[in-house]
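As structure tokens, here come the structures.
Across the two complexes that follow, chain A remains constant while its partner is chain B and subsequently chain C.
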Partner chain A sequence: MQLKKFASLGGALAAATCGLLGSQPSVASAAGEEAGWQSDTSLLYYGESDSRVTDVSLRTALRRAWDDGSKLSGSLTLDSLTGASPTGAVPTDSVQTFTRPSGKGQYTIGSNEQPLDDTFKDTRIALTANWDQPLGDAMRYGVGLTFSTEYDYRHMGANGRFEHDFNQRNTTLQVGMAYARDSIDPVGGAPIGLHPMKGQGDSSSKLGNDSKSVIDLLIGVTQVVSRRSLLDLSYTYSRAGGYLNDPYKLLTVVDNTGRPVGVDPYLYESRPDARAKHGLFSEWRYAFDEDSLALSYRYMFDDWGIKSHTLEGRYRWNFDERTYLEPHLRYYMQSAADFYRTYLESGATLPVNASSDYRLADLDAWTAGIKFAHKTSLGEFSARLEYYRQTANPQPGGVGLLNTYDLVPPLTAIIGQIGYRLNF
Partner chain B sequence: MMIRTALRLAGILVTSVTLSACSGLGVKPWERDLHAREDMQPNGMDMAIDDHIYFSKEASSGGRSFAGGGCGCN
Partner chain C sequence: MSKPELPSRELTLHRSARHWDGHFTAMANPCEVLCQCDDAATAREMTRRAAEEAWRIESKFSRYRPEGVVFAINNAGGRSTVLDEESARLIAYGDELWRLSEGRFDITSGVLRRAWRFEPGAIPPDPARVGELLQSIGWSKAHWHPPNLTLPAGMEIDLGGIGKEYAVDRAVEMLNAGWPQIPALVNFGGDLRVSGPVPREGAWNVGIESPVSAEQAARAVQLSAGALATSGDARRHIWANGRRYGHILDARTGWPTPGAPRSVTVAAATCSLAGTFSTLAMLLGTDAEAFLASQNVRYWCLR
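This part shows the complex of A and B:
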């Protein structure tokens, strides 16, 4: 405890000295940015129940900061994904046969089982690089590049940020822009929306590769409220255009008994080729004498009809200067996209767009977790364990047999992470 | 519906209180000791990992920063 008091006093003295020298840390670039190198590495395990998706991910970030406030940083992420993912088709009371996305094989799903594609396997490599540079005492800019590649997807992006401090550096305004160009090269080709899944060797419902572009804009304010608290507020706008379908998702066309109908009862999903999202984000951070608290709220809406609310809280319980425990709670809810359909009914007019992707459904999700970290002379070691549970609702009104199934089963995942951070 | 309405109201309240009160707020340079503490800074590593997970499981993403992405994410 005594150590901690000295540390706080040291911080206060440092801040005061910086103030006298005219280089006090601003709101946005305060502590944790001392000159020198920092490496931060995490190994993540993400595992869904019922043999669905498993991701093992290694992420390492390296940062070099200089006394003048300039900073070079970069990260490398390796993801290894395996498991099974829902196809979007509905269960039925007989065996269902699906063509593999490659068009070179088939798989069957037992009666009364949720159709999952078990060929899901991918390795992803992602890289980021950023440069941050002060512009005089009260301004900074940053530029960055992002790149990622996986078997059927490649992302390239660039971003820029500008910050300006006002009001004795108690207020920081931030504006930013990002542009991404992604190419999509699905296994077997990119399906044409609402065209039927064909049998082996028939690629008449598929085209070659495709692409999408995304522009993100951000405007944010960070405001020091008092010696103990500060508030972050930001507005983000994101516009995506191009091929926005999930190339592996299907919809079942059912008859009035709820069973798949016709020779080709499975259609590839179709989403609009543009999407505009708006986000409002606020976070309040509060410092107690020893501990700290961060509470955030996010509201998002888009022109696909999705509205979402996210509430999140973290309490950092600092046992001493070197050890802390951090409980974390998150609640998320979203409304369904206008074109979300759990299935399609034969005889009805085919909609312009339809997707049965559960991520576009009306859903709620909870995350509860805890993190433990301990600093030693060799660096900071941390471990985090989280539990995620998502429950989604199918479209209202069921048809025949479909009333007897849980068409969008809950998703449960365990997230485990170990980390190591070193300043040198 | 009650929860949705309450959440929306909470958001509007936080936003409006903040916007109307910004100009008179703040501290002197020597009062920044608590803000300078390492635990008052967002943890970039955890945030990036969480953003990537939620990006691939929910329809909304970003907010704190850019919307992220750059993956097929099935």
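This part shows the complex of A and C:
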């Protein structure tokens, strides 16, 4: 049979089938499958208010799936970070002078202003690769590698996971682990904890580079609860060891009037060199006739004294088969780390560890956003817009002048993302 | 339509995570109807409607049922049989497939089962025996003047090649007519079709059995509309003299087409069309992919 005849043969067969069944249905077949290529590209903008940190992130991911269920995926992310970040020092009623982290240069902060380091500028490249493979009908495993590099930081990690379905696929058990080894090579060297920030050209408070390692373990279960709902429960344990400081964060030592004291009033922060974190996560997903809802709660605690609660909800409102709108709301609250200090007081015993990083403070944060997605024959387009607001409390009991400042001002940010997914 | 014993006409219903799962046996195949409705009574009624249609078609077109049309045609002893409208449509369809496949597909080729066995350990038939059977094969020897069909004595027709897919399409018509708002999937022995609207998950997740081995993971196909049919399968083949003999036989030679894939699955609007494409692809041997690629359908060809 000639190849060129095939096309007309198909038409004749379809016509014959039409004769058999009386009429042909209006819908053609719509069969898809996991197998094939998928690309996912997104551009994300994260901008903090008051020209603090801005991150523009471009991510592209490529996935190839095969008929047997195995999958190879990889992603590349480019981040460009710019802006100013709080140094951790407190404002005062005179001009303050700080040495740049490189030790080559200075910058000044006006009186009554929050000290921000405006040299914050970095480009980050991150790569991931994953392989997923079914083991028979009810089991799957996956392995992955992660790598990222930026000017002063390099991350290398490996991870593995295993899933097993039970109970006629109504229950899935997951276990996973990840190991990462990161090297830190801060501009001008890694500061020694609670040593003073020195003037230009004096590196006596700094050492060379340092490193940390992190092990993460996960055990989780997904249970089909009813025809419409699913429950996810998991426990995670994470243990980090090594250099866990933020090398660019300072604490101000103040006198009893609340003003910086002495020649070197700024000390580099110092955190413990180990952190063990436990997390409990639960998520409930419910399918309505058209729409779906996901609600989750996460509780985390660590041996730094931080306890946090996260409540999150998403409602997917399907307009039709191709279009949906998804409002998103998230609330986060945490208690301060045991060693969180907004500043240190002269004359008091120096603590073993101290950090004024607002991310370790007693804080609350809200995120509210909405996502819109539309599928076309050319792929799926999506757009997301979110608003983030965080408020934090300084350590209790202000000293003198410091009572007049908002030592940990609220932070707001806008997050915008556009994405495009294509199957081919 | 290939086993003489009467099938059990039991119907069972199970609840699974996202739908009701109705089961029964028809045409010697396990059949299921998945219904995405809330109550068991509706699901049972839908399964029953599909099962009754499958059993009706099985009785009417089985070679073994004396009350059926095919039995009457095959046992007419050279005399003419006047066919009812539905039987005439099926025969006309077989006639078209024979013409379009240039004789590769032939509803009179069922007698080849007397020579071929596909059980484990079976061996290919004696070529002389196949040659002998070819004498009683050939649609061109039948006299088809709709609605009258006359077969020369000793010849038989077998609608096994099209009956199961036809039954799936008929069952879906029943469900679409009775429960147009309920997403359902009708699956008769691996040939299947979607009924009603798109299910809540967006598509039915259909596993196609791997033809290589039963242990190997099934491939997952997401089907939101239309039908899937598969020709060729893991078990119905034999190995001999270092080559594989599949059970789809070319009616012109009595042997499997050289270079045929192990299995072909096609997605099309109806199960009958999908089954016709997949069977013809098998009969085209090495040209299977070229044929399917020119049809603008999704297909999965395994070699």
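We adopt the following convention: the second predicted complex is superposed on the first by the 391 of 424 C-alpha atoms of A that agree within 3 Å, B and C clash if a C-alpha of one lies under 4 Å from a C-alpha of the other, contacts with A are read in each partner's own complex, and residues count from 1 in each chain.
One rule holds in what follows: a residue touches a chain if its C-beta (ideal position, glycine included) is under 8 Å from a C-beta of that chain, and two chains touch if they have at least 3 such contacts.
Keep in mind the model is a prediction, meaning the values are calculated, not measured.
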For A:Ala354, decide between first (touching chain B), second (touching chain C), both and neither. neither
Touch test for A:Val224: chain B only (first), chain C only (second), both, or neither? both
Per residue count on chain A, the busier partner among chain B and chain C is B
On the A-aligned overlay, A:Asp68 touches which partner chain: chain B = first, chain C = second, or both, or neither? second
Could you tell me if A:His309 is touching chain B, chain C, both of them or neither one (first, second, both, neither)? first
May I ask you to decide whether A:Asn170 touches chain B, chain C, both, or neither, giving the answer as first, second, both or neither? both
Regarding the shared-chain residue A:Asp152, is it in contact with chain B (first), chain C (second), both, or neither? first
Mind working out whether A:Ala89 is in touch with chain B, chain C, both or neither, as first, second, both or neither? neither
Chain B versus chain C as contact partner of A:Leu407, first or second or both or neither: neither
Just chain B (first), just chain C (second), both, or neither: which does A:Ala287 touch? both
Which chain A residues contact chain B in one complex and chain C in the other? 9, 12, 14, 16, 19, 24-25, 27, 30-32, 168-170, 224, 227, 287
Report the residues of chain A in contact with chain B in the complex, numbered from low to high. 8-9, 11-12, 14-16, 18-19, 24-25, 27, 30-32, 40, 42, 44, 46, 53, 57, 59, 61, 75, 85, 120, 122, 124, 126, 146-148, 150, 152-153, 155, 157, 159, 167-171, 176, 178, 180, 182, 184, 214, 216, 218, 221, 223-228, 230-234, 236, 238, 246, 248, 277, 279-285, 287, 291-292, 294, 296-300, 302, 304, 306, 308-311, 316, 318, 324, 332-334, 337, 359-360, 363, 365, 371, 384, 388, 390, 411, 413, 415, 417, 419, 421
Enumerate the contact residues on chain C facing chain A in the complex. 15-19, 89-90, 92-93, 96-97, 100, 102, 162, 166, 169, 173, 198, 200-203, 210, 215-228, 267-270, 272-274, 276-277, 280, 284, 287, 290-291, 294-298, 300
With touch defined as at the start, can you tell me which chain A residues reach chain C in the complex? 1, 3, 6-7, 9-10, 12-14, 16-17, 19-21, 24-25, 27-35, 67-69, 134, 136-137, 168-170, 224, 227, 287, 289-290, 321
Any idea which chain B residues touch chain A in the complex? 3-4, 7-8, 10-11, 14-15, 18-19, 21-23, 25-42, 44-46, 48-49, 53-54, 57-60, 62-67, 69-72, 74
